[in-house]
Amino acid sequence: MTDLRAAALQALRAQTIEIPSWAFGNSGTRFKVFGAPGVARDPFEKIADAAQVHACTGAAPRVSLHIPWDRVEDYGKLAAHAADLGVAIGAINSNLFQDDEYRLGSLTHADTAIRDKAIAHHAECVEVMRATGSTDLKLWLPDGTNYAGQDDLRARQDRLADSLQQIYALLDPGHRLLIEYKIYEPYFYAMDIPDWGTSLVHCLALGDQAQVVLDTGHHAPSTNIEFIVMQLLRVGRLGAFDFNSRYYGDDDLIVGSADPFQLFRIMNEIVEADALRPDSGINFMLDQCHNIEPKIPGQIRSVTNVQEATAKALLVDREALHAAQQAGDVLGAHGALNDAFATDVRPLLAELRESAGLAPDPYRAYAASGYADRIAAERTGGTPASWGA
Amino acid sequence: MTDLRAAALQALRAQTIEIPSWAFGNSGTRFKVFGAPGVARDPFEKIADAAQVHACTGAAPRVSLHIPWDRVEDYGKLAAHAADLGVAIGAINSNLFQDDEYRLGSLTHADTAIRDKAIAHHAECVEVMRATGSTDLKLWLPDGTNYAGQDDLRARQDRLADSLQQIYALLDPGHRLLIEYKIYEPYFYAMDIPDWGTSLVHCLALGDQAQVVLDTGHHAPSTNIEFIVMQLLRVGRLGAFDFNSRYYGDDDLIVGSADPFQLFRIMNEIVEADALRPDSGINFMLDQCHNIEPKIPGQIRSVTNVQEATAKALLVDREALHAAQQAGDVLGAHGALNDAFATDVRPLLAELRESAGLAPDPYRAYAASGYADRIAAERTGGTPASWGA
Amino acid sequence: MTDLRAAALQALRAQTIEIPSWAFGNSGTRFKVFGAPGVARDPFEKIADAAQVHACTGAAPRVSLHIPWDRVEDYGKLAAHAADLGVAIGAINSNLFQDDEYRLGSLTHADTAIRDKAIAHHAECVEVMRATGSTDLKLWLPDGTNYAGQDDLRARQDRLADSLQQIYALLDPGHRLLIEYKIYEPYFYAMDIPDWGTSLVHCLALGDQAQVVLDTGHHAPSTNIEFIVMQLLRVGRLGAFDFNSRYYGDDDLIVGSADPFQLFRIMNEIVEADALRPDSGINFMLDQCHNIEPKIPGQIRSVTNVQEATAKALLVDREALHAAQQAGDVLGAHGALNDAFATDVRPLLAELRESAGLAPDPYRAYAASGYADRIAAERTGGTPASWGA
Amino acid sequence: MTDLRAAALQALRAQTIEIPSWAFGNSGTRFKVFGAPGVARDPFEKIADAAQVHACTGAAPRVSLHIPWDRVEDYGKLAAHAADLGVAIGAINSNLFQDDEYRLGSLTHADTAIRDKAIAHHAECVEVMRATGSTDLKLWLPDGTNYAGQDDLRARQDRLADSLQQIYALLDPGHRLLIEYKIYEPYFYAMDIPDWGTSLVHCLALGDQAQVVLDTGHHAPSTNIEFIVMQLLRVGRLGAFDFNSRYYGDDDLIVGSADPFQLFRIMNEIVEADALRPDSGINFMLDQCHNIEPKIPGQIRSVTNVQEATAKALLVDREALHAAQQAGDVLGAHGALNDAFATDVRPLLAELRESAGLAPDPYRAYAASGYADRIAAERTGGTPASWGA
C-alpha cells in the first residue's frame, strides 16, 4: 500500500486536465441564461480566470479555445497572455451550430457552398492552432435532423466523409483531428455522428491523425461508458475526453457530481491500460456549464473531482485484483476495486498539493484569494461572454 | 363499421385542439435559435397566425397565452381581436423561469419575498383570465436543483404546497388550476414536480379545481403514458394535455411525428373512457416548438396528427375488442386495436373538413393561401417574438 | 465531528436490515440458472444461512419469507428454528406469478374465480403471519399485459382495487399491507402497478395500514429515486424498501454495487426525515439475486453496503448543510453532502462491530468460518431451493 | 402511384423472412414459463409448425436452428423433412449460455479449456451447416460481467478476438459468421459485445465473411436503430436482422407490435439502399418469444407485420421525397414518408397473397385450418420443447 501511495502521488503529479474557455462565460438552458457578477468579457479575461483554476489546483495548465467565441485579432498575443499567467492554449474547438446557414446542416448540408463554408471555418481553426501552438482540432458535429425523412441519412454520411477528408487534409503533421459524437441535441431525430461507432468509422477512413473524443454526457441512458473507453484504447483511437456529469440528457453538470463511481470506473480503465501517462496522447478535458453555481469554483471542483477519481484508480491493488479475476472470484475482484473507491483520498491530494507549494484545498484557497470580489468589482462595463459571443 | 364511421365523424366534429401562442414565435435550443421570415412580432400577430391554423383545420378554435410573453395593455382588445378572427383565448400560462431572482427556485424558493413575487405573478394571470374569459390557469413549475444536497427536497415541497394554496385561493369558482409535471430541464438533479404522482399529491391537497396536466414529452424513457392517462381519468384528475413528440428528452417535436402508435394509444384511452366529448373538461392542447420548420404549417400538421390519431381511436370496434379481452384472446384483442390503427383515415378527415366547408387538406390549403408570403413581406420591421419576449 | 461520529454509531447500532429467504436459493435469468454447491434445500436451511449473515454482521435479524416457496407444515416450528438461530421472521411475500392460471393476471384477472384464488392465497399468507409473528404482508403485483389492447387497462385497475379491498379486510389490526410497484417485467406493455403514483392511489383508497414498497430496481432509467423516498415520507406512506442495484433493467444486483452515491442519497433522505429510527415503521429489506456469486457472502456484502451508505448519511454535517442551503450556496451545500460521502466509513463500521463483539470485517469472518465448506459437504442430496420451489 | 404499387408487389413477392425454431417451443421470463397445448416436442415438430407459418403467409421459407436445442441424430433427415414441408434450414445458432462452465464466460473465459470447448461447439455448428445446407453461422455472445472489477474488460476482448479467429477459420468459403450484439442480459454490468461498434470492430478484424446482426431489441433506450442500419449498410457489414419489439428491455415481443413506425423507418432504410432484393445478402430473421399468446399465430402476425412495414416502405414516393430533401423542405420530406406510412397496405398484401394462391388473411386462414386443434390433440405425451431443451 505504501508503494501504491507513492506511485499514485507520482502519477498524479504528472496528470493534467484541460479546461474550456467557455466555462467562464455565461451559459444556461433554452429557458434562461442566468448572469453572474464578474463574468469574463473577452478571451483574455477567460484565460485569466482559467489561470486561477490552475493556480489553485496545479493541475489545469491548458485552456481550450472555441472559435468564433474566442476570436481575437492577435492569437500570438493571446498565447503570450496565457503563458504569462502560467497556462497554455489547448485544443481549438470549431463551431458549426451558430450560423443561420447551418439550420439544416454544416458539413453534411446538401448545398456544397454551405459545406465549403463549414470546411473553411476549420482552415481558420488550423491557423489558430499554428498561431497558438495548439495541436488538437476538436470537431463536435452538431448536424442532424428532427423528423424522419427530413433528409437522406446515408447521403449525409457521404457528404460528411467528404467534408472530413478536406478538413483532415488541412492538418500539419503533428496535428490531430478529434471527432466527438453525441446521441442527440441540438437535433432530435438523428444526429449525424450519434455514437462512438460512427466516430470510429470516420476516423478509420481518415487516417492515424483522426481520433475519437468521448464526452461523458453524450450517450443513451444506461450505456456503459468505461467499456467504450476500453474499446477505443484497444483499437488505438481514444484521443480525448470531454468530462461532465449527467442524470438525464446532456446535463453538463460538474464532472463526478452525479455518479462518482462511474468516473472512478472510467479512470480505472485508463490506469489499467497505462494511459494516464502524459505521452499516451489522451487529452483529459472538461466540457461543462456552470448555469447556477459560480464558474471558477465550479471548475476547481471539477478538477479536484477528476483528481479524486484518478487517485482512487491509482490506489487499486492491481495484483490482488488480477489474482481474483484470474481465479473467477467475483466478489473478491469486485471488492478489490471497491476498496480503492472506499478510500478517502482527500489527504493524499492535500499532500500532493502541499508538496507542490499549493494550499491543500483549492476550493477554499480560491475563496480566500479575493479574486471573485476583485473581478466582480472590476468587470463592470461591457458584455459578459457567453455561448453566443 | 358504417355506424362507427358515422359516430367517428360526429365525435370529430366536436373535437377541439388548443394551440399555443408561443408556437408562432421563434424557438430553438440552448445552442441556437434560428429565425424565419414573417414571424409574429406581438400577441396580436401570433393570434392572427393561430387563426390561420383554425381557418385551415376547423379544429383549433382556442389559443393559449403565456404571460409575460403575451402581455398587452388591453386584454379585452386582444380577446376581441381573437374573436374577430374566429378564435378564443384558452389557458393562461404563467412563467416562473425567466426572472433572475428565480435562479434557485420560484414557488419553492427559500426566500419568502421571492415566493411572494412568484405567487403575485399568478394573481396577474388570474386577472388576464378574467379579462379574456379564460378559465384555465396553467402552471408548469420549472423549479428544481442541479446538485445533490443543493437544497432540501422536502422543504421545497412544503414551500411549494404553501405557495400553491395561495395561488389556488386566487381562483374564481369556474376557474381551474392545471399543474404540469416534468422529469427534468431546466434543472438536472431533481425537479420539484417531476412526475404525475407529485402533481396529483398537490392537486389532492388543493381541491377539486386543481387538475393534472400531462405533457407527452415530460417522462422518463419507456414510460407508458397511456397508463397515466387512464389512471388520472380514473381518479378524476386529468385536466389537460400538452401534446408534442419526443425521441430522447423533451424534444418538443410535432405531436405524432415520433411515435404515431403511442398517440393513438393515448387517444384510445380517452375514447375508451368517453372523455373526448367537450364537456369532459379535458383540454387538448399543443405545446411544442418549430425550430427548423415553418411554424404555421407545423401547427397545422400537429392538429391533423391529433385528428388522425383520434379518428383511428374512434374507429376501434369496441365490441370486438371487449369481447376478445373478456375471452383472454391476446392476439385477437391486440388485433382489434391494430385494425383501427392500420386504417387510412385521411379520407374520413377530408370528408369531415369538406362537410364543414373547408378544403380537404389543410396543409395544402395553407400553402395555397399565400398567407406565408404575405406575412414575410409585411412583417419586416420590429423584433420577432420568441420565448424571451 | 466527534459528536456526529458518536451519534452515527448509536444510530447504526439500532439499524436493522431484513434479508430475503430466496437469496439463499438458486436464481438466474430466463437464459440459465447456474447452480452452486451447498445451496439450501428447504426453508429451514435458508434460515440457517440467513442466520449466518446476521451472525457475521449483527445487523440482519429478520428473514422475509416467500409463499409458497417457503411453505412448511408447521410455521411455528420454522419461527422457533429462526429464533434458535438468533433471527426472526419478517415480511411474508405472496406469489402471484407462478400459477398457470395467472397467465393473464391474478388480482386483475377478468375471471372472478381466478381473482378469488389469488385473494385466498393472501389469506394463507395472513395465516403464516399469525403463525410466525410477522406483521408485514408484502404484495408485489406481477400482473400486466404484453400487447396494446390485450386487456382494458381501466377495468384491470378497478378489479385490482376490489381485490385489494378484500385482502386488506383480512389484516389484523397490527398488520400492514405493503404494496410494491414495478415498471416492467414479467409483462412488457403495461404493468398494473407500474409506479409509485399507482401504488399510492391504491394505498390511499385502502386505509392507513396500506403502505408503499419502494424497490430500488423498479423504475424507468434516470428516475430520481430519493425524490420518491422523500415524497412518500412526506405523505406518510413509505412502508419499506426492497434494496438492490441496477445498471439497466431490474438487474437485481447487490445493493450499492452499481451506484453507491445513489444509495447514499437515498439514505440521506431517510436520515434527513429522521426515519432511520426503528419506530419509524420503515422496513429496510433486501430483494436481490446472486446468480453468479456465492449467496451468503453476497448477502453480507449487501448488508455492509447499506451500512456504509447509512454511516455516510449519518456523518453529513447537517448544520453546515442547512446553512449553505438556506444561503443559496449551491456548491457549499453540495460539498457538505459530498464531504460525508468521501469519508471512509469502514473504520467506523469496524468499531461498531467490535463494540458488539463481532469481527470487524464480516465478509472475511464468514470466509474464515468454514461454513461454506460445511454446507457444501453436508447438503449433497435433495434439490436446491430456487425461485420455482 | 400505380407504378409504385406494381413495383411494391414485385418486391414483396421476392421478400423472405426467416423464422426461429425456438418460437415454437415454450418460453417465458425468469419468473415463469407458461405452457400451452400442442407445443412442439422436438425439432421435427418445430419445423412442421414453422411450415404452417410459411403455408399461410408464403413469405417464411426458412427456419433457423439453435444448437443444442435442435440437436438431432441425422441432420440430413431434418433438412429433408423441412424440404418435404416446403421450407429450408436457415441460420445455425450456437448456444454459449446454458453450460454450467459458462457461468463466467465462454469465448471470453479466462480458462483456455473452457474457451476451447466453446469454440469446439461452433465446429459442431459448422457441421450442422454442412449437413443442412445452411450458410449462416449466427453467434450471439451472452458473455459479460455483473460487477465492476469482476473481470478485466480488455483481457476479455482480446480472448474474444482470439476465439473468433478460431471460429472464423472453421468456415467454408460460402459461409458467413454473423455476430450479434446486445446491451445487457444475461449479464448486467458489461456485456462483451454490447453494441454495433464492438461487433463491427471484431468483424473488421476477421474478414469479409464476418457480418453484424442487428437485433431490434438489443439497444439502449432511445437509440436510433435505422441510423445503425444505414451505417452498417454503408460500410457493407449488415448481415442480418433479428426482429422483435420492445417497450423496455429485451422484451422480445412480436415485431412491429410496440412501434410500427420504427419498423417502417428501418425498412425504409433497407429500401432506400436497395437492400431488400434477395441477393443483398441480408437475412431478415425473427427472434422473439410468445410467452402468453399462441405461437404459430404469433409468428404469422410477426411475418405480416414485417410485410406491412415493407410494403409501406416500398410505397414511399422517392422522387418526391428526394426532391423535398434536396430543397430543404423539412415538412414536405417528412410528409412524403408519412404519406406512405398512413396508407392502408392490407389490401395490397391480400392481393399479393391471392396472386400466389393463398388466402388473403394468413391469421384467419390459420385459425380456420384446424391445425391448432390437431396438434393439441396429437401432441399429448412427451415434453414440450423450450429454451432449455
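By letter and in written order, the chains are A, B, C and D; residue numbering begins at 1 in each of them.
By definition in this document, a residue touches a chain if its C-beta (ideal position, glycine included) is under 8 Å from a C-beta of that chain, and two chains touch if they have at least 3 such contacts.
Just so you know, these numbers come straight off a predicted model, no measurement behind them.
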item: Equivalent of B-D within the choices A-C, C-D or A-B, defined by over half of its residue contact pairs recurring; value: A-C
item: Pair of chains joined by more contacts [C-beta pairs], A-D or A-C; value: A-D
item: For chain A paired with chain B, centre-to-centre distance based on mean C-alpha positions, whole Å; value: 38
item: Rounded Å distance between chain A and chain D, as computed from the means of their C-alpha atoms; value: 40
item: Residue list for chain C, restricted to those that touch at least two other chains; value: 104, 146-148, 183-184, 189, 221-222, 224, 247-248, 257-258, 261, 292-293, 330-331, 334-335
item: Chain B residues within the chain C interface of the complex; value: 104, 110, 146-155, 157-158, 183-184, 189-190, 194-198, 200-201, 219-224, 226-228, 230-231, 233-235, 261, 265, 268-269, 272-273, 321-322, 325-326, 328, 330-331, 333-338
item: Footprint of chain C on chain A - complex, ascending; value: 221-222, 224, 247-248, 257-262, 292-294, 297-298, 301, 308, 330-331, 334-335, 341-346, 363
item: Chain C-facing residues of chain D, complex; value: 27-32, 34-35, 97-98, 100, 102-104, 142, 146-148, 183-186, 188-189, 221, 246-249, 251-254, 257-258, 291-293, 387
